[in-house]
Amino acid sequence: MATQDIEPGASQRLDKETREKLVTVIRHAVLLTWSFVVLFPLYWLVSMSLKPPGQANSLPPDWIFLPTVYNYIQLVQQSDFLAAFANSLFMVGASVILVLLIGVPAAYVLSRYDIPMERDVLVWILSSRMLPPIAVVLPFFIIFQELNLFDTRIGMILMYVSINLSLVVWVMKAFFDGIPETLEEAARVDGATQFQGFRKVVLPAAKPGIFSVAIISFIFAWIELLFGLVLTSFKAVPVTLFVYSFIGSRSIEWSMLAAASTAMIVPIVVFLIAVNKYLAAGLSFGVVIKE
Amino acid sequence: MSTPTKTETTNDTALGSLRDVWNDYLPYWFVAPMVLVMVMITFFPGAYDLYLSLIAEPTLNVFQAEFVGLRNFRTAFTRGGAFHSFVITITVVVSALFLETLLGFVLAAFVAGVDSSRAKSFYRVLFILPMAVAPVSLATIGRIMLNTEIGVIPYVINTLTPFAAPNFLSDIPLLTVILLDTWNWTPFMFIIFYAGLSSVPDTLVEASRVDGAPLWRRYVHVIIPYMKPVVFVATLIRLIDLFRTFGVVYGLTNGGPGTATQLVSINIYEQMFINNQMGVAAAIAVVYLVFVIAIANIVIAKVGFEGVWD
Amino acid sequence: TRGGDGSSGGGSTGDGSGNGSTGGSSDDLAIPLSKYDADIDWKQFDGDQINIGAVQHPWVDAIKPAIPVFEELTGIDVQWNILPEQQFRTKRQTDVSTGAGQFDVFFMDQVVNQFRDEGWLQPLDPYFDDGSLYDEGWYKPDDLFEASRWQAHGGGYSDNWTGLPITVEVQTQFYRKDLYDKHGLEVAETWAQHRENAKVIHENESDIVGTAGRGQKGYGMNIYILNTLLRQKGTKLWTEFPTDSGLDTQGVIEAADWYSKLLQDYGPEGASTQTWSDVQATMAEGNTGHIVADANMFWGGLTNDESNVADTVRIAKVPKPEGGELNPNAFNWQISTSKNASNSEQAFLFMLWATSQPTDLWMHTESSGVFSVRQSVWENEDYRSKVGEDYAQISLESLQVAAPDPFDRKYPEWGQRYSEELQRTIAGQKSAEEAMTQAAKVAEDIYSG
Amino acid sequence: MAKITIDDVTKRFGEDDEAIVAVDDVSLDIADGEFVVFVGPSGSGKSTLMRIVAGLETQSEGDIEIGDAIVNQLGPRARDIAMVFQNYALYPNMTVEENMSFGLKMSTDMSDSDIEETVTSAAEMMDIGELLDNKPGELSGGQQQRVALGRAIVRDPNVFLMDEPLSNLDAKLRAEMRTEINRLQNDLGVTTLYVTHDQTEAMTMGDRLVVLNYGELQQVGTPLECFYRPENQFVAGFLGSPSMNFFEGSLDGGTLRTDGFDYDLTERMQSSANGRNDLVLGIRPEDLTLHDDPTGGHEFEAVVDVVEPMGSISYVYLQPRQQDHEQTFIAETDGQRPISEGSEVYVEIPDSDVHLFDAQSGETVHQRKLDERAEVALEERMQTVSSSD
Amino acid sequence: MAKITIDDVTKRFGEDDEAIVAVDDVSLDIADGEFVVFVGPSGSGKSTLMRIVAGLETQSEGDIEIGDAIVNQLGPRARDIAMVFQNYALYPNMTVEENMSFGLKMSTDMSDSDIEETVTSAAEMMDIGELLDNKPGELSGGQQQRVALGRAIVRDPNVFLMDEPLSNLDAKLRAEMRTEINRLQNDLGVTTLYVTHDQTEAMTMGDRLVVLNYGELQQVGTPLECFYRPENQFVAGFLGSPSMNFFEGSLDGGTLRTDGFDYDLTERMQSSANGRNDLVLGIRPEDLTLHDDPTGGHEFEAVVDVVEPMGSISYVYLQPRQQDHEQTFIAETDGQRPISEGSEVYVEIPDSDVHLFDAQSGETVHQRKLDERAEVALEERMQTVSSSD
């Protein structure tokens, strides 16, 4: 009797099993397809940078070619690319640290406390990123002139902070909302001050969120162009503007452009690999949804 | 029994009281820098744009300014093409947001479900990369890759598929812009969703598996609701960011052909830096700001605070 | 030299001293100081510094090696801020509109009358009148091409010098000699032949289109070509300034229609979005039979070793209409100074020095210049042998009859709309008539409203 | 170390109209060093009251005093307490060792090596010494609970708050831990509030028992007092496992007529009843005696419904022979006594063990009798407690 | 409904070298409809074994069969089980009602109104009917646990898995729930695996008891069997509360000399001992008899160390008078028996109640004697179970 009870159910379930196998197949299909979609342009970019000048755009494409680092050597030798690169790394890195220092605690407060008119405050914060940079670059220029921040690293760091602050506050608020308050309660009972509870218990639990916004902030600042263009002229010039230097008024140096673009991706890859494991280490060692 | 000792109240050395000031007003300290920065980056630019939009010619001296009422606003919506660019922007925003959210979530969920942790790491890094390509590189190299005559993408489509490659930039410019943005910014959604997924406690997922929920229902009923704040915030931020897309589109199509991809941001740019109509540009910006704030408020009211933050 | 080195976007940080005014004997200088023996008090601003906002442009590359000469000559330190056009515009506009005055010298183009109108430009005439700053006998202003001088006066809209011209680009034809020979084609004298040649190549070559041309909107894009066409059709912009733009005249409509058809029929797919760089790349890749483009700027790119057609590309004057006159479009870059700049006089000295005959000649014979605004340079034998007789002669003849666009003060605004309309026509979204009527209306509205 | 005063504390959750009153006007003095055990049904407000004492929840009304100061405004840190949470609340990102040493790092100046030593020895005591490097997610439920307990006891706080700290442990371990906690509390003399559902813990650990129901205080007293001298039916039924059997009935002369049997009240009982008509008779399962044959005492016939053998003892579920509603009651018998389901037995209700309650108010009308010596012991214990107040 | 076969299942956590063996080569056949209770110390692998059966954890070795199919490859969904998690695992975003109906919505085609009805009635049964619209965060620990239980029982699965489902409930509620679960399991006939630390639950709920220690199976049998006929010292000590007292000693002729007293083995014991020299004598606290004066039986003098009054009974902690190491053992006495700490008593060890274990292996050498009728009952129960296999 028992066997009869289970038989039809089981066979039906086996169907579901195959369906779940199908999910696995679809999963891999989607991931591989998207990998291709992502990789192809990147491959093209990198391969352009490794081709000798003149071969960059030939059709049919030279799928196979002898890679050369000529363009990179040019890039490093012929210009101040390295200096600008280092300068950008410094400014962007510092801005990410600063924006986290400012934004994460604020997000925590927004998440844990009853803020009067919370919704309006949040929208206000968000409103800082609602206008196209184009529309606000002039006032910023004026402020920077007045405060003697023009063409200074400090100024650019602050600028990058202002670009990313709303993002950090919003995203981190959402993450803090998901962290059970009992953890802090336990910490506070353990004699931790509110601050210690925040730093030692809540922050570690919010790691994936923090590292995610750190990466995103880094990228946003790293590829920022307009403010860098308008608010600097000599001393604090970010590397983004360099990429432009290969777009001449009557010709584009494709290989160099590609080399510079590729070089600009490198720090992000390095950063990503460095924090990769934190992106996934959640509250509970991550959900793994199998089947 | 000894009397209770409370370090907090009995310790009145300078350091102690400093600590008290720090701890007692902690929330204030926590938000103060943020508020400071926010005041600086919201009020002045907003006021400046508003001022510019109301005067005839840009001048920094308020007393010299010739106020012209709403003339700039009228110009913006007559020959300024503001309305058209609003429509274009909304089209791009809605479709790109849809694609990016969907794709971002599917990818995040799929990657989270991959067994091998090395493969997982690989996908995680790879899928974030498109975001790291500077807009100028993307636009310039995108243009050449999409070029009908010498671009590799039409070449590949023409040689490897039975279809003829469309003219990305002239026949389907809007779609091209949307797809390129999707390529570029799906990583944003991916990374936040991925982090959000890893904050869902294992036991919940286990409970739902035992409850017999099939995969997708587990997502719909248990996982997504749990990470709803994260999903909501990521989507809202992307929405806001999409509203100010500029660099890539400008580099790719310059807003054309004609004004087919004339986003509001491009329109503002052209009014300000090409046409030198700074008042008109500011007028568009002001209307746009109000518009986006309204959208954000609606979205937050309709989706956000019901269920996410109640 | 100070500041960037031609490849820096924002004008990268120079080392601050370099081979500046203090160091180096005149033996090391590119041009002997004796060439600047004029009745000008070169040293009056010794120790000052000027900041130049420049577009990423070969002129910058060409003049840079000579900058120590200026620094030695005047004791003025030169800082560069070099950017691609679009970025440069943003920065220039920010600088002048907020009154920051960071640029003492900056590149100036079609917005000249607009800037003048806003009062942002410093007219140069007071300096020309100042004996310590100017020596007419030495400078030889008449050596400048007429068209260049005209454009430096706001394209005829200004009585004053708005700046000094530094480069001129004039339209010519480039064609593939091998293809022309293969199909027995003659170089087109008229636009009709031009179209016919395109047709032959387009129809007989498999992977090669007949012609390529700018379709993208914006100044320096599609309308830069169309303006030539319409002038040669006998019409011009602004039949009656500022009430009748003339854009909806039959001539303009025909020209627009003709140009659109040419690109649609024998141009590459998606011609409406092509910029000059696409056109150049298409030509350099060997994918088109001929193009119409600026001689100076394209020649180098088409004949260097990155080009697939270096050996087979040839240059010719632009076609003209049946029985019409040759008057190719041309474009001048000039350098100007603003009222807010703190060193306008120093800037004037720089402009004078940079556009003077000795410097210009040196740039073109010894350095990489190919765009002189001075007739004498084009006639210089050293220069002619360096760049090729063909190229030099065709450029010179074109330049002598060149007719640059007149940039009225709202040109950028209506020009943008006009180019958008033209782009629509090229893309086949609108008829030429509709588009141009619309363009005309917008242009006239802009002045009336 | 400190005394605690809970003064008219009320806690409401939610909006005014549909507020849940989790704690209802509770007042309680807890002496310095006293060990107080909170019991009550699920949802009766035990955890809430603890959280209020801890400063994690703010009372809607009333004051909390620790030591001599009103601490309403102070946060948990300032109150210097150690707490074991009902749901453990371990820090997921920290190892067991880090979890346990966190409190010490936060609240003391102990050197790292001292901390390590303290933690290691506490972990040994809890038998989780080998798990020090594991993360909470890798532990079994009981191990997690021991970590939570260990985290609290390594501290040297004013007050211990323990919310069912042993609920996930097996009987043996629980007995060990119970002794351990008792010893510790004695040694340190730390005022302790303890929530438990376990009868053994409730009876043996505390100096006093606090019985809560629906947020209201039911009785405060020594465990034996609450057990033998319940102030109302709720307390009588709540303490003891299995629960006291209750038979509702009405007085007819000197006889209580219940649905199932009649019971003749003793004189003392009658005077206690004092005119009340509706009474509830209460008797604990272990006080009922089962006879195979009638003995002629206070007894009635019942049918064995179910027998639950527990080993040494068995629980016998019985139904009175004559009964209108189907109701069972429980008796405890020796585990080896053979008794089969469906058989009939005679149930004796010893007069001395009977409680009587007012059927309306639930108030105790008559308490059982105790042996004289037990009575004395009870009195003594009661005095011990009040003297330490 | 289905039988379950656990076949040589082993589960290791962690890397090869320092792997923790949570479940060690366990084999077990569970009949269709059987109710099996898992007991064992904290960390012994009970939850892990359950999670393996549920398909939430994959065993390192061995097979799980449900019904007649090997389900190693199937996920929990396909196995059609309902589970109560040790830590509740309620969905925080759903109300109590949604939590309870979720499983039904997912795994059945029931109409919404049917679901609502089922859920409401289950909630009434659990006494959480009024909390249906609350979110888990607003519930007390016991309420949450009842929701978790309710969520499982509304389903009609092949198998119930319950991991300490009653640990946070008070004694009274626990007794009710116990009966409820038993009734439900009887009605539905669903195969049930149940983990508990509660002696009463362990003894009364299951058809069979499975005793685990360090991941290894110690004994499988009916509760009484495990209680009266433990296969080894571990099982003997684990079941029963307080634990059995153990006295280690060595055999000297027919006398077992322990640290505290000498005990003369009966003949049957001697033959059981069968030449073993080092033995452990085991006797349960409830089987020891305390006398104020010597009676001349098998007895020895002991000093009362501590008395824990539990109400009806008291636990007396004793130390043999002559003893080298300080060791206490426990005896149970009537709660009203006056006995004061420090006094001396005579402890009688009834021969019939003595267990003997091998000191090295822990194996049982000699089992206690049971009343004849109890023996018969035990046999019967054993047969009942094996026939249902």
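Labels for the chains are A, B, C, D and E, by order of writing; each one numbers its residues from 1.
Everything that follows uses one rule, which is that a residue touches a chain if its C-beta (ideal position, glycine included) is under 8 Å from a C-beta of that chain, and two chains touch if they have at least 3 such contacts.
Given the structure is predicted, the values throughout are model-derived calculations rather than measurements.
The chains touching chain B as well as chain C are A.
Across the assembly, the mean Cα position most removed from that of chain E is the one of C.
Note on chain D versus chain E: their Cα superposition corresponds to a rotation of 180 degrees, in steps of 5.
Counting contacting C-beta pairs between every two chains, the top pair is A-B.
Here the spacing of chain B and chain E, counted between their Cα centres, is 57 Å.
Separation between the centroids of chain C and chain E, computed from CA atoms only, is 93 Å. Distance from the chain A centre to the chain B centre is 12 Å, each centre being the mean of its Cα atoms.
Multi-chain contact residues of chain E, defined as those touching 2 or more other chains: 75, 77, 80, 87.
Contacts with at least two other chains are made by residues 90, 97-98, 281, 285, 287 of chain C. Across the assembly, chain A contributes residues 16, 20, 57, 59, 138, 142, 193-194, 225-226, 240, 243-244, 247, 252, 283-285, 290-291 that each touch 2 or more other chains.
The touching residues of chain B, counted against chain C in their complex, run 57-58, 60, 75, 78-79, 143-144, 147-150, 167-171, 173, 253-259, 270, 272-278. Interface of chain A with chain C (complex): residues 53-54, 57-59, 78-81, 83-84, 137-138, 141-142, 145, 225-226, 228-230, 232-235, 237-238, 240-252. Looking at the complex, you find that chain B touches chain E at residues 201, 203-204, 206-214, 217, 221-222, 225-226, 228.
Taken together, the chain E residues at the contact with chain B in this complex read 51, 54-56, 75-77, 80-83, 85, 87, 89-94, 102-103, 106-107, 151, 155, 161. Across the complex, chain D is touched by residues 13, 39-43, 46-48, 86-87, 138-143, 145-146, 163-164, 167-175, 197-200, 203-204, 223-224, 227-228, 237-243, 284, 286-287, 308-313, 315, 335-338, 370-371, 373-374, 376-377 of chain E.
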